[in-house]
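Structures follow.
Look for chain A in each of the two complexes below; its partner is chain B in the first and chain C in the second.
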Partner chain A sequence: MSLLKPFSKLPGLNTANILLVESEEQFQQSLADALVEETSVTVNVRLAKSLPLPMENDESRPRIDLVVFIINLTSELSFQSAEASLKYLDPGYFLGKVCFMVTNARNASSPAERLDAVRKLASSLHCPLLFAEDQTPDGVASATERLLTILKVAAGLVPIATALYVSNLTRCTLPLDIDLPSFD
Partner chain B sequence: MCGSAYKNRPQPNYCSCVVPVWVNERPVREILTCQSPRTTRTHPRTARRRPPWSFSVARTPTDSIMAQRRSKNKSYRQSYRSCLGAASRLSHTPGWTARRLNTSRRTKSHNITEKVNPEDLALLVKTEWQLSYVTPLYQFRHTQLRSYSRQLSAFITAEKQQGLAVEVEGAQTSFRVSFSAVQGLGETDDDAETVLLQIHSKPVFAGKDEAQKLVWSGWLTCINGNPEYLHLLPKDFTCLPLFGSRGAENLTSLVKSWFQQTFDCCFGPLEINQTCLQWLAALWTNCHIESSIQHLKMIWTLPVEPPLQITYTVNSQDVWELWNSVRNPSLESREEEEAARSIDIEEVTRFMQGLKSHFYRHFRLDLSAGRLSQVSSALGSAKFSGRIKMSNSRYVLTTLTLLTECALLKMPI
Partner chain C sequence: MDNTAKRLLQRLVRRIPSQMLKTTLDKWSRLTAAQRQSMDYTESKWALTEKLLAICEENELTVKHIAELEMIHVIENPNLGMWYVFQLMDPQDDAHSVELTQFKEQFKSHLSELIRHVSIKIKKHTDEAVWIRIAWGDTFSRPNHLKPTYVVHYLQTPYVFLTSPTSKQKPLLSQALVLSTRYQAIKDANLSGRKLTAIRDLLMKQYLQVFPTKFPSPLAERNCVVSNLHIEKEQAGSAANRHQMACEAFGDGILPQLQSAVYKLETKFRDHTNKTMTERDEPFKCVVKFASTNLLESLRHSASSGVASTPVTPLLSSVPLKGKNYFVITDNGPGPSSQMKPSQK
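Let's look at the complex of A and B:
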């Protein structure tokens, strides 16, 4: 089984590795561009369209500290592919090393039901859910900042805070009226 | 692989390897790891901003850490929930409006030709309307429709004559507006009566005796609105959330600005979103036995470069068989209930999934990657941009119920 395991390799010194999974492969490019600008830590960014990752790269791949699933809310396929990729992650990742990032949440063509479904997924897995705006450089910059904050904790570079501890604070919570029945 | 965009990047002096930016997890390409330049000083950007949960290194007793964490938990959660109450399309204060469309719908066809004036009905069907949502109108009285007609025609004439230095002779381009209430087009007593607007005017180069022609028409309606919401409104407000218009765009904007001035309401564009279009496709297919839909045509847009538009037309008999096969088995066995059974959102989703997987099997294109932008059949057509056409008077009420719900959801109150 080609599960991605969180602790099977040794970490690098002052290094953080992040894996961006997106089925459209667009936002991850600009996000990766911005992520490597970080100077206090060496950030290695790896991109993938979906999991499982190819076996050929297994030896050369470093230990992945944070897996980010980028979901475009205007496309059903994006959500389905992210859901399908979840089973190829070792359960150890869900203790604070997985994050969901959602784009186009305010777009008129993205139905509210899909956002609710993503919220339910993120809260059932105890993962943070970030909203990002991918069209402007400002949006990319702010998404990068937030990812870097979580990444540094997940890579163990922040003293005292661990990924599991922080995930307790940042995990997605469902609003009380998410299952509010409608006009009946 | 790393193009000229990276020429300006400062090269670290300890390492001579060139820096392509990222690693793609594909086995065929060479793997080149990327490294950001390592510096010993802290970057000024990161030094200023500290993550909200960074703790100082000094030890604190364990009890206060627990208390601190608990309060941090709660305050974080509270702020998350309070930002859900912000005015955005996705969140409404719970209790006022619901968060999503109805998950099940009754499918009775209503023969409203005897209840409604046939002329009004003929105006409503067979034309394509552009939809908007309207917030509740303040002090709108159905008894004062004639004075509203006069006020609106005076307003439009005044706006049209703005900027004209010389008064044009006579009432050549004067507008005659008529407001009329359509009786019988509602189901419950809570709904306000539908109001029809028509604007007649002589064409610009008409002869002296030519009659005025209809240049613009519109309607305001509320069919089966949420009764809780309607009861929550203060007494002076009339809720007519759905507005349809057909005609010149400048007349539409004049009418809207008059309404905004007179009744302190807001107009906004109403898109018919994906779920709503899928509901319409299912509802129209369901009516196939009573009145044939002839075909079900769907237009999908796929986000590729250049954008691909796919027109997917299904024969009515085939789509009827598909629809029947995804229906839930009926619990009642009475004959009359057959026609009035309710449809659930799961049946609609299965129906659309069936259509998409059929397409995938033949063309290897997954339509879930794109979005549905238009649905049409012999019973009507609906576009994502908010244009709706109802061609059969029997299904006007069901369609308008669905659209009223969409309008109520999109309204910012």
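Let's look at the complex of A and C:
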């Protein structure tokens, strides 16, 4: 099984590589365009629909510092595809190099159970859970900023901070009443 | 002018938007230059109607002339109302050499033989389409101009497009069409839609067709749509594959705008987890309807984005392939056998 490994390649100088995994392939494009605008660091963005990644690209692929799973809460397919992709990541990634980003959380058509399921998934894997708004340029910009903060740490470009250390602070935690029915 | 003519004119002025009223009236050319000058198109519709009624009284126009005006309007705007497609079957030897005058005479004479009071107007449009407007009456009453049927036929093709055919009029119309076009039968083509141009383009394949090819593009640069050197798509190969298969099934570029596809299922219920339903012998009848502002575009996008599995299932690709949007699926044999209820007329 072709697992994506975190430390099997050498890092680049002042470079950060991010992999965006999204079943719908929409938000990742606008995020990618905003991420490469960053000037202090060279950001390389790889886009995928799901894992595993094709073997043909193994040679040319740089070391991936951060894997972001983008889940659209209005689509069950999106969640299932992200969940199925998790098993193609080497466990070393889950020490601060994986992040979940969720869109359409405020949309009336996304069921609360799905958000709870994503929360449980993120907290069981000790990963941060970010909420993003993908329809406006402002939303894309703020999501980009947050991703860049985590990315720089995961790529080792921030002195003193490591991915594992930061993930301890940013990881998703479950509220105590998550299994109780909500008031809707 | 009698009541019917007045009502027809009133309805027509209501329907035609003010901007188009001037051009339509000019095309009609039943008003003198002075009368045309006196029409002020910025007035309200009510005022315009009154004006037009007065002018038509002056010119002693009858309901037949108003019907002409309606026909001009419908020919200019074929994309309103529902159109149903019928296909002529079994051409006789001289079916391919039927030309316009022959068709016109034959159709008028056959239809008037079949039904006593009927008003027929035939017009040939610039794009080789023959437009027929029929107002139906019966043995006792005059033709009803308020509920006309429009028929469009392209000579030398077996397709006929109808608006609002009622069950009483269909057999008479079919008979007249079959005799005047020198075919032997006519059947329901199971295609319907709001836009005449769209269903015509679908049937006559007037959109970009994509043919299966092993090497889709000789130049590798054609498939690269990334905006930036730093962005790279990992699965570009399979995405291009999916896109190619979706385009092969549905076509490339702008697709004709179909609004819906209906599948009537008469197959047995199949679900391992539900024993009670699976044990029944009778087929499980249900109707699945896909609706969209541009159905073919939606289906193509769902195939190229991976929501619908590729290669595209014949159930979906039959829509553009066979030019139908109503299917009856039964259990006989492998794959969807869309058996039409033989509606021979």
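The rule is short, and it goes like this: the second predicted complex is superposed on the first by the 180 of 184 C-alpha atoms of A that agree within 3 Å, B and C clash if a C-alpha of one lies under 4 Å from a C-alpha of the other, contacts with A are read in each partner's own complex, and residues count from 1 in each chain.
Convention: a contact is a pair of C-beta atoms (placed from the backbone, for glycine too) under 8 Å apart; a residue touches a chain by one contact, two chains touch by 3 or more.
Owing to the predicted nature of the structure, the values given are computational and were not obtained by experimental measurement.
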| item | value |
| --- | --- |
| Which of chain B and chain C A:Thr149 touches, first, second, both or neither | first |
| First (chain B), second (chain C), both or neither touched by A:Val158 | first |
| First (chain B), second (chain C), both or neither touched by A:Asn44 | both |
| First, second, both or neither for A:Asn57, with chain B first and chain C second | both |
| Chain A residues touched - chain C or chain B, whichever exceeds | B |
| Partner chain(s) touched by A:Thr136 [first = chain B, second = chain C, both, neither] | neither |
| Contact residues common to both interfaces of chain A (with chain B and with chain C) | 19, 24, 32-33, 36, 42-48, 53-54, 56-57, 61, 77 |
| In the complex with chain B, residue positions of chain A that touch it | 14, 19, 24, 29, 32-33, 36-48, 53-57, 60-62, 74-78, 80, 105-106, 108-109, 111-113, 115-116, 145, 149, 152-153, 158-161, 166, 168-170, 173, 175-178, 180-184 |
| Sites on chain B touched by chain A in the complex | 21-27, 31, 33-39, 42-43, 46, 49, 51, 53-55, 57, 72-73, 76-77, 80-81, 84, 88-91, 94, 98-104, 224, 226, 271, 273-275, 303, 366, 368-371, 384, 405, 408 |
| Complex interface listing, chain C residues touching chain A | 227-228, 230-235, 237-239, 305-307 |
| In the complex with chain C, residue positions of chain A that touch it | 19, 23-25, 32-33, 36, 42-50, 53-54, 56-57, 61, 77 |
